[in-house]
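Let me give you the structure first, and then I'll get to my questions.
Letters A, B, C and D mark the chains as written, and numbering starts fresh at 1 in each.
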Amino acid sequence: MLYFIRDSKYKDVWDAWIMFLAIVAGIEIPLRLVLQYPESNFVFAMDLVLTLFFTLDVLINLIPVASGNEAHLPKKHPLNLKYVKTWFTVDFIAAFPFGWFLTGLPLDATHGVKAIRLIRLTRLLKLAKMVPLIRKWRDVLNLNPSVFRMLLFFFLIFFAAHWIACGWIALDTAPLKDDLVRTYLQAIYWVFTTMTTVGYGDITPTSNIQIIYAMFVMIVGVGTYGYVIANLANFLGNIDTAKIDFSKKMAIVNAFLAYRDIPPQLEKRIRAYYAYIWDNRLDHDEDEVIGDLPDSLKTEVALFLRKPLISKVPLFREASTDFHHEVVHHLNIHVYMPGDNVVVKGDTGDSMFFISKGNVAILDANNKETMAVLGEGSFFGETSLLRAQPRNATVRALEFCNIYSLDKLSFDRLLQRYPDFKTAIERISDAREHELTGEYKFPR
Amino acid sequence: MLYFIRDSKYKDVWDAWIMFLAIVAGIEIPLRLVLQYPESNFVFAMDLVLTLFFTLDVLINLIPVASGNEAHLPKKHPLNLKYVKTWFTVDFIAAFPFGWFLTGLPLDATHGVKAIRLIRLTRLLKLAKMVPLIRKWRDVLNLNPSVFRMLLFFFLIFFAAHWIACGWIALDTAPLKDDLVRTYLQAIYWVFTTMTTVGYGDITPTSNIQIIYAMFVMIVGVGTYGYVIANLANFLGNIDTAKIDFSKKMAIVNAFLAYRDIPPQLEKRIRAYYAYIWDNRLDHDEDEVIGDLPDSLKTEVALFLRKPLISKVPLFREASTDFHHEVVHHLNIHVYMPGDNVVVKGDTGDSMFFISKGNVAILDANNKETMAVLGEGSFFGETSLLRAQPRNATVRALEFCNIYSLDKLSFDRLLQRYPDFKTAIERISDAREHELTGEYKFPR
Amino acid sequence: MLYFIRDSKYKDVWDAWIMFLAIVAGIEIPLRLVLQYPESNFVFAMDLVLTLFFTLDVLINLIPVASGNEAHLPKKHPLNLKYVKTWFTVDFIAAFPFGWFLTGLPLDATHGVKAIRLIRLTRLLKLAKMVPLIRKWRDVLNLNPSVFRMLLFFFLIFFAAHWIACGWIALDTAPLKDDLVRTYLQAIYWVFTTMTTVGYGDITPTSNIQIIYAMFVMIVGVGTYGYVIANLANFLGNIDTAKIDFSKKMAIVNAFLAYRDIPPQLEKRIRAYYAYIWDNRLDHDEDEVIGDLPDSLKTEVALFLRKPLISKVPLFREASTDFHHEVVHHLNIHVYMPGDNVVVKGDTGDSMFFISKGNVAILDANNKETMAVLGEGSFFGETSLLRAQPRNATVRALEFCNIYSLDKLSFDRLLQRYPDFKTAIERISDAREHELTGEYKFPR
Amino acid sequence: MLYFIRDSKYKDVWDAWIMFLAIVAGIEIPLRLVLQYPESNFVFAMDLVLTLFFTLDVLINLIPVASGNEAHLPKKHPLNLKYVKTWFTVDFIAAFPFGWFLTGLPLDATHGVKAIRLIRLTRLLKLAKMVPLIRKWRDVLNLNPSVFRMLLFFFLIFFAAHWIACGWIALDTAPLKDDLVRTYLQAIYWVFTTMTTVGYGDITPTSNIQIIYAMFVMIVGVGTYGYVIANLANFLGNIDTAKIDFSKKMAIVNAFLAYRDIPPQLEKRIRAYYAYIWDNRLDHDEDEVIGDLPDSLKTEVALFLRKPLISKVPLFREASTDFHHEVVHHLNIHVYMPGDNVVVKGDTGDSMFFISKGNVAILDANNKETMAVLGEGSFFGETSLLRAQPRNATVRALEFCNIYSLDKLSFDRLLQRYPDFKTAIERISDAREHELTGEYKFPR
């Protein structure tokens, strides 16, 4: 069964259970040490459970990991040597039931009980294992690192507060009151009053040792709390990095608009542009981020990002995978606002265009009348590239449009390498040429 | 009438009114719950008003938005389906007068009143609607986001403080005193004493539940307050981004001046230069900010920024709009300090200049005497471009001057495209050539 | 006399004196209002002095500024119109002795005195003038802006604390004790106890109005204090920007060294290099900072920075100012460590070198023996440029050397433009050629 | 002996000992001044030790430093003049036993003792020397500057707290209690209660002077403590700069992945790539960091970083040092993921490759079968460069591979300069050509 747990997904569940036990022990053991409540059946059961599962955990970890898919040559050892060298000692001490051995010794009642309680603190060593486990879970759960770190910090603060409170109770020279809940509550209340620097002063240290302890809590605890709170702002600020970068950019744009007294009408259009860019996730951050990835990953990311376009443009959809892999690196996105000219009649054409979103109008010779409207998946501008002619019509965006461009150099290389693509595009171009007298209907 | 409100600008006023009612309810309802003051006529009236307007708000929001100018194809539905799916439930619960139904039930006096008071907390759900409304207003009012966020935070802090104070009163085991104002004041005073970490200690928790509540306030409230204060610095710092960027630049310049022991005289002139740049908003941040705008917006911004120049230079003023649209992209601003040479006699000329601000002197052959002074709207240096000659005179700035340059490449392209511009500039240049013997008076 | 003050440097002294009076008034007037100490002769004298000087200040400011050196056309007005429109009203109210008029009115003793004291608060308006004055002084004194802002903040905090303390005394319902110093001290102590969030709790609000006041101080005062302290770190951090930038760079270098496990021996040399760079202020930040200055300032800065070199190299020292103005833009500094080769025999030479600091050795054909040592002000490498030959000897740095290089392109241009320079350098080069058989002694 | 200490490594030990004495004096002297405990033998001995060692320190520092290896011309002075001008006065006053002289004067018991105690405060001047010493140690110990500054700050905070506590005791008007430990503990406890803004209020100022002192501690002490805590976050954040930079990069990548909804499968591979990059320290930060180092250091760093490759590739290992020095600047590292094609059959080859880590497969003509596997130290792709042919086979990475590339230009230059290298590589290439029919086994 141990082998089964070791090699399966249940290892995570097992680790979580061990961690839960360690946390319970981390809370209960120091509490009993200072509050000295009697050793009830529950406590005895807990000790048994801890010994059992901590021991099982040692055994499970001693089993070497089965060779995964990465390793070519599985080298079998009877034991997980890495574990023996690192965590074994700590786990073993945490698992060993020292208390049971002490019970057998001829100790008098008072000191014996205290010694047993003290020796049980060895269990807390198990908590040290939280660090590697938590790191592992962070990677597995793929949590936002900031959120994760915040949770971790809060957890640590509460644990620290609990231990400090136990220490405060232990240092109190007055005999323990019967109301243990009250005693503990007042101690933890004092800890938080001090750590948050509220310092009501209704509970203050009296003995010298308490004064020293209080100073220690003030210096360390207050600092830690302040540090956590100071970082909280940082954490909250890093939850949505993309949004923050955009906000910063907008702050610069806003400052520019105000600084140069840009008229409200123009300002509104500039804002509308950026709002569209943000809503459609069209920030030009792609190259910056994927620039240092290896070629294979770059291609995959580019393919994924241009997939909507490829699936819309019949010319692309029917092409080979090799063609897809090549074309994606040469398509650059542009955003046009309503009324913007994508292509102006008479200009020399150095690229062709594929509409990913929105509608454009092909205007007549006087740039007045709309001769045709092209929608998603349509393309235009290929004639100039094929025949080295100037643009034969102006194309104007009717609304916000996402249009991919393909420059002449890449176009020519694609034509050369992929004869199918050449045939297809020439066929369509010829058809268009003939239709120019009749109704201007583009194949999509 | 509902349709009228829905589709008009009065919707904003209506939303503001609903928000005001929600805020009043958010303050009064928890207060009455804990202070248990008698159900006066005012309270009854308020409940009636809340029910009425919250219900009307549900009805208004159920009406679909009339098709605006963006949508080509208005798809009429009898109901605003998006609203039904999102805010409807929340709004309905907030509007429903649960209290009236409870009044009818056979409850005894004490519990009945308390239940009615508790059930009225459902009204507070309406406050959740603040978030989308506030976002909408931010965009409408075009408020500085930092100022806005600061206001919002302060508002939230005060609301939170009010609710925490109500909770503190509710947990107080001592019977309520007659002086309700005093009771409330002491509670909110305790909240602020704790949240600001002042912690006088004149009011401290006594019962266990109060101790736990106080700890909760310390952990959350203190953190929140600290977070707000920590962000305040950030907020204040971001109000004038342009100024801050300039300050940072000046800090670097100052560090450089100190680090290299630049003599005071030179230092003063460098400072004077930057002061002039700042006062005249001449930071070279234009390209950086508008670099990624679409061409149409870029042109409009450039046109706006160079409007003062265009209106001053007769050559530009009389040109066509097309010319304006093109020329603005090729004019680059330069600042000259008093005594700086804009053009040196004998140098090869690769650009011409348009004076936007200030006066320049044209010097004689020995660079000693001033032959002529050119002011705002004048231009010079065109002869070198037209005839490919070296500069025929030195031009020196008499004061701080803003001068736009137009390089040879752009100049030639403009000459080629705009024959009117060519004619005009050649005519002036010839005139100048002839006048060189007589008094040197430039046409403006 | 007023004219004299207006137009001279004494205006600053006058402004400082007025400011001092305003500060004294700002402290004393609210203090007397709340502590109600009797109107002694000192107080009467002070009031007289305030009225007198504040009135004089109004008169002085009404005089228009005499036309300075910038203005071509002094436009004389009998009054400083800008002042009349802006600060005049405020200054006039602050100067007007309202109290004296009230004294004449038939008011009973108690209310009259109080009214007089209240009306005197109008004097505090004068403090508003601190803002423009302080700004002016900052520019005049050329203080570090961070240091300056810190001083200003501390000043404001103390002023605010004083006024809050006066408010606290005013709200105290208990009759004033005889010990006014003690009363004031306790009030200001309470303010700082609250503002720093220490909150001992030995002085706490009792009446409702005091509770509200205390809350107000907590919310605003605590926030302000926290803001100042939070900014303090920022202030302190910005005092020496150059050092901080260097520290950041070193942090990156250190991280790199640790990250790549660079061996200690190499690490030490890298550190030594940076230490030398820092000690000699050789950070390559020059272009970045002065890059956007106008040409004239750029030249002056470059001239200043290379002055030590020019004064050391006889070839430069004896050249014309024009030559200096041109050469400084083409000289680039390089640092060589002991043992580094500046020039390797047989390499094609594309620049010549001028030694600004340190000694270099010219090695023999086998790069073993030192044939000659060149020191500060010497130059070498010109032969390769003049005759287009490869380097005829290896030159090695004997210690840390600052060497300026002049590339071939700039060298040729200088030769062409400055025949004197050409003659001089050719003469020296020829001389060296002949000496190569004998002792290798370079002219300096 | 003094000379011996001066010129040896023992100077550091000596300085440390002097510093230890200064710290002990800095703690004990103010403590005795306020607690007025009797002048025991220990105190007398301490005074003797301080006088002795501080005097010796003056003498040692007066000895000039022996000429080190940097100085060519040691200029012997009998005294260290720099020391005489700077620290001598301070050190002398700190060393001079003023107390002994006062003992001889006819002072009455009370005032005499007090004067002696006060005069001993001159010893504290020695503490000022900590600043230069600490700076020196920082450079010697090569400590992380952040860790160092944190330690220094904590040290200063504790020192300041001690002195403030002594001041508090001195201002206490009540007669000193017998329990001096308690007295001191309560004072230092009050200091920390105030500085951390906890402010319990169990110890509060009573006299006017104490109130003023408490205000001073609040304003300065609280600010200082807050400053230290605020910087703590900064310090902790700068301990591992490389890690932080990588985290920031990953945050940007993560934001991009989330923002564009990259599918999990692809996301996982991208993460795997970055994890590999981080684990193998392959961040492309090399050029950025070492870019401005002098050539000699750049070469050494590059040599060190490529040493593992050079030692693995026989072709390199056997080459001359000159060749190593040149080749390292032309080798660029690339990372390939499992399945990535390093070279594609038919492509034109513009570089050759050296495997530093991992295995690659040479595929057959159909890119299906593996013809050979190349491991660490192998190279490939040289045939295309030597014969200007297209790639004759596809090479695919079998796992994560670190492969260095050498581009054609550098390759040709190396061939030309190093005939041995040319011979070796041509021999291997020919051998491979012949083997292509038989088993494809590459020489390594």
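Just a few scattered comments:
What we mean here is this: a contact is a pair of C-beta atoms (placed from the backbone, for glycine too) under 8 Å apart; a residue touches a chain by one contact, two chains touch by 3 or more.
Because the structure is predicted, anything quoted here is derived from the model rather than measured.
Annotation: the A-D interface is duplicated by C-D among the options A-C, B-D or C-D, judged by over half of the residue-numbered contact pairs being identical.
In this structure chain A contacts its sequence twin chain B using mostly different residue numbers, the overlap staying below half. Note on chain C versus chain D: their Cα superposition corresponds to a rotation of 90 degrees, in steps of 5.
Centre-to-centre spacing of chain B and chain C amounts to 30 Å, using the average Cα coordinate of each chain. Note: centroid distance chain B to chain D, computed from Cα atoms, is 43 Å. Residue positions of chain D with contacts to 2 or more other chains are 197-201, 226, 230.
Against chain C, the residues of chain B that register as touching in their complex are 181-182, 185-186, 188-189, 192-193, 196-202, 226, 229-230, 232-233, 236, 247, 250-256, 258-260, 262-263, 266, 269-270, 273, 284, 334-337, 339-341, 399.
Chain A meets chain C in the complex at residues 197-201. Of all the residues in chain B, the ones that touch chain A in their complex are 70, 144-145, 194, 197-201, 204-205, 208, 211-212, 214-215, 218-219, 222-223, 226-227, 230-231, 238, 240-242, 245, 281, 283, 285-286, 288-290, 292-297, 300-301, 304-305.
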